[in-house]
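Next come two complexes, and both contain subunit A; in the first it sits with subunit B, in the second with subunit C.
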Partner chain A sequence: MIASPPLLNAAHISRYFGEGAERFCALDDISLTLKQGQFISIVGPSGCGKSTLMQMLGGLTQPTQGDITIDGERIDGPQPNKIGIVFQDALLLPWKTALENIEFPLHLNKDGTKSDFRARAQEALDLVGLSDVGHRYPHELSGGMRQRIAIARGLIRNPKLLLMDEPFGALDEQTRTRMWGELLSIHARSGTSIIFITHSLLEAIYLADDVMVMAAKPGRIIETIQIDLPRPREVHMIGSDYVGSLRNHIWDLIAGPTAR
Partner chain B sequence: MKLNFLTFGDRGAARLWRAAIIIALFSLWEMAGRYHFLDNDILPPLSRIFDMMLRLINDRHFRYDAWITLNECLITFAIVVPVGLVTGFILGENQRLHRHLGPIFQLAMTTPKSIFLPVFILLFGIGIVEKIIFASVLTYFIIVPTGIAAVQSLSPSLLMMARSFGATKTDIYLRLYIPACLPLIISAIRLGLIFSMHGIIFAEMYASSEGIGRSILAWGESFDMVRLFAAVALVMIITISLNETLTWLEHISRRQRLEY
Partner chain C sequence: MMKRLIIIASLVLLWQMAAEWGVLNPLIVGTPLMIAQAAKKNGLIFIMALRVTLFEMICACALAWSSGLIIGMICGANKCRTLCVTPLISAMIAVPLVVLYPVIVAWAGIGPISKIIYGAAAGFFPMTLSVINGVNGIDQRYIVMARAMGASRLTILIDIYARFALPSIMSGLRIGTSLLIIAIIQSEMLSATDGLGFWISYYRSLFAVGDVYFGVILVLCIAAFINQILSYAEQRLRFTMI
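So, the complex of A and B:
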């Protein structure tokens, strides 16, 4: 089988902050490739530059060195057509309803009619399982619901790539576990590539095809691990020996005696 | 339980209590007037005051004075609110300017502008121009901090989110800033109205050839208490109605934007 060309390619990305004596390296020589439909998790300790990496992948900031390309084209700014981003804090607009929030990227792009936008927003809302709350405001919704609306918004333009920055960080464990199921089902149905950043080792392992483990100071990738779990994933897999040993291995890489 | 109404426990009950207190006070006032508990010349009975209010509304001279004052207030308002808000927006957005000019505005705000009225009269004489300039300066330094607060109420993360979905500068101003700042903009309008009126009437009372403020001063000095109370009551009705309407608008716009 011929391997399909990569969707996203980051080649030797580095990011420095500050000038002169205060210059420090936030990210050092990071490379990654992402195929269409692939789900990659990035896990690492606090301060390893995960969020900075995500902002560069999303075109919100530029790398100091190196290039990132999507579909072969260099990313030099936000890519609203191809990339959707789900942020850590949902970041919904408080004065808009759920449906209006989901439609927001469509209004920015302006190609379509209002009723067209509304129909598409409702579809996205259905996709995340919140069909009935379209007319509620963010303050009337729970944290999990807000994140799902943020996911619907990220998907509204059918991007090729969805970037997710610790989207489930603020949720309690049970809501989080349910959200894993929702996200995996969305991934299976839509075929969107996903890069998912998280603190949680188990979350990284459970969701992804590949896990990239990062270290801090400077931010760099220590190891990329392929996850040999079948899809569709099931929650009980988390309790398996395979997952347990993977988790231990990643833990050792990040924080164990051999960690640098 | 029923005892709720004694402790203001219920909003309907609170309203009844307020109405009852006001009616009781008004009745006492009326009786004091009718049965001469107080000198009628110092505190005229309510019925005479209501009567005079109606007569004033129908009086050509009073209407002319009211028209002058109203025009002055509207002109002040129309100049100061946009200029003040724009100043506030610029200062709120620009860190450097804010640091340099902020303290000047602070000083100007904390100084009672009323004490400068004699200076304004020396510079600009007495007349429409002087009154408008005085009221404008007074109101300007109230509007600017409101404008600054309005701009700063929009979190930078929401800006980043909008950028990631392809928002242009225009999009950011029209779709983010204005809706986000709407409650504070309404607040600025309300304060603009209140302080414009305050400044104009104050200047008229101090030294003017026409306007409501001058009439009120003249009636006070000639102990025409009935006309004095009547005019004051009419002004109060107008300012209270305007204030309540705008507060209600502000309240509605805030309700949609509850933070979460």
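So, the complex of A and C:
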């Protein structure tokens, strides 16, 4: 088997904010590589720069030092053709129906003909298991449904990479557990790579192939942990000793002396 | 609808009766009959005047709406510009613009042009301020979302900013337009050669009460008509906004 080149490569990137004496380092020397189809979670305490890292990976802000490449091309601005983003809040446009919201990236990028926008949006809606709410407005849907529509919107252009910034943070535990199952099956079916930012340790372990643990001040990666759980993942794995000991290990990393 | 017509008809009748019986002085409040006679005698003058006034209003609306919308959007979409422009515009709203009217007449003469400039100025400031406030209050995360999805600056301005600000834009339109109507009639009364305001003022000086009230009714009709159009637009938009 020939090793495939990485999809995403970030080499020694740093991000500083402020000027002069106020200047501080938000992210220090971060490197990560992501293979096609890989699922990485990033966990860390609040204020460790997770969201800044995601914004840089999505091309929304630029690193002060270092380069991020996707498919060997430098990311110097938003990459709507290659990267889909799902934010902490669904951020659906309130005057558009579910389907129209999902079509929004297609319209923006004039991606294909208008006549097949609807069919593709419906397909994406089926993928997130909401086939029959296409004509409802966001305010008529529950938080979990809105977030699933945001995921469908992120996936509509078949991005090579899906960035997710604490997408389930605002959901209740039961909805979130269901969403994990949905996300895992979407990942299995679509084959996109996913970078998933969260501050829930169990969520990070349960979903990902690799968990990157970050520390704050300055934001940096302190350990990358491979998760040896078979796929498809089952909810009951969360209660296993293996996951429990991993969780404790990550907690010690975040709360322990190396993180300070 | 039928009920409303009956109410209006009985009020008109009551008005006429009150004047006939000497309860009200017809020289002050006029009578429906006097108004009807005035309409018959000087109807043509008023129709020509209506055309002039409407022309001035449409031109002033076009100027005030477009400049208010464009300047409001451009200033509102940027924190720094908002901070520079908002105090200026708020201050201008507080200035009684009528003190500038003689200056405008000196620049543009007593023809329709001075009315258009004056009316547009009266509508521009509240319109711009509403647009700035509406655009300014937008949740920036939506802008980040649109940028990540590949939206250009222009698309973001039109599809996101303007769309979110629609309720504010509509309220700005309503306030601005009513001030604009007032300003145009007022300026015609002050110095003009034609227009409803001019003829109302002219017949008042002749003590032709019927003609004065006929002119007033025409102005009310214009205001009501424009108000109707704006309410209709607002309702339609509210339906699509939710």
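Definition applied: the second predicted complex is superposed on the first by the 255 of 260 C-alpha atoms of A that agree within 3 Å, B and C clash if a C-alpha of one lies under 4 Å from a C-alpha of the other, contacts with A are read in each partner's own complex, and residues count from 1 in each chain.
Here is the rule we go by: a contact is a pair of C-beta atoms (placed from the backbone, for glycine too) under 8 Å apart; a residue touches a chain by one contact, two chains touch by 3 or more.
What you see is a predicted model; the values in this text were computed from it and never measured.
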When subunit B and subunit C are modelled together on subunit A, clash or fit: clash
Touching partner for A:Tyr137 - first (subunit B), second (subunit C), both, neither: both
Which superposed partner A:Leu60 touches (first subunit B, second subunit C, both, neither): both
First (subunit B), second (subunit C), both or neither touched by A:Pro230: neither
First (subunit B), second (subunit C), both or neither touched by A:Gly239: neither
Partner chain in contact with A:Pro78 - subunit B first, subunit C second, else both or neither: both
First, second, both or neither for A:Gly20, with subunit B first and subunit C second: neither
First (subunit B), second (subunit C), both or neither touched by A:Leu91: both
Overlap of the subunit B and subunit C footprints on subunit A, listed as residue numbers: 58-60, 78, 80-81, 83, 85, 87, 89, 91, 93-95, 104-105, 108-109, 137, 139, 153
Subunit A - residues contacting subunit C, complex: 55, 58-60, 78, 80-81, 83, 85, 87, 89, 91, 93-95, 104-105, 108-109, 137, 139, 153
For the subunit A and subunit B complex, residues of the former touching the latter: 58-60, 78, 80-81, 83-85, 87, 89, 91, 93-95, 104-105, 107-109, 137-139, 141, 146, 153
Residues of subunit C that touch subunit A when the two form their complex: 141-142, 144-151, 155, 160, 163, 240-242
Contacting residues of subunit B [partner subunit A, same complex]: 157-158, 160-168, 171, 175-176, 179-180, 182, 256-260
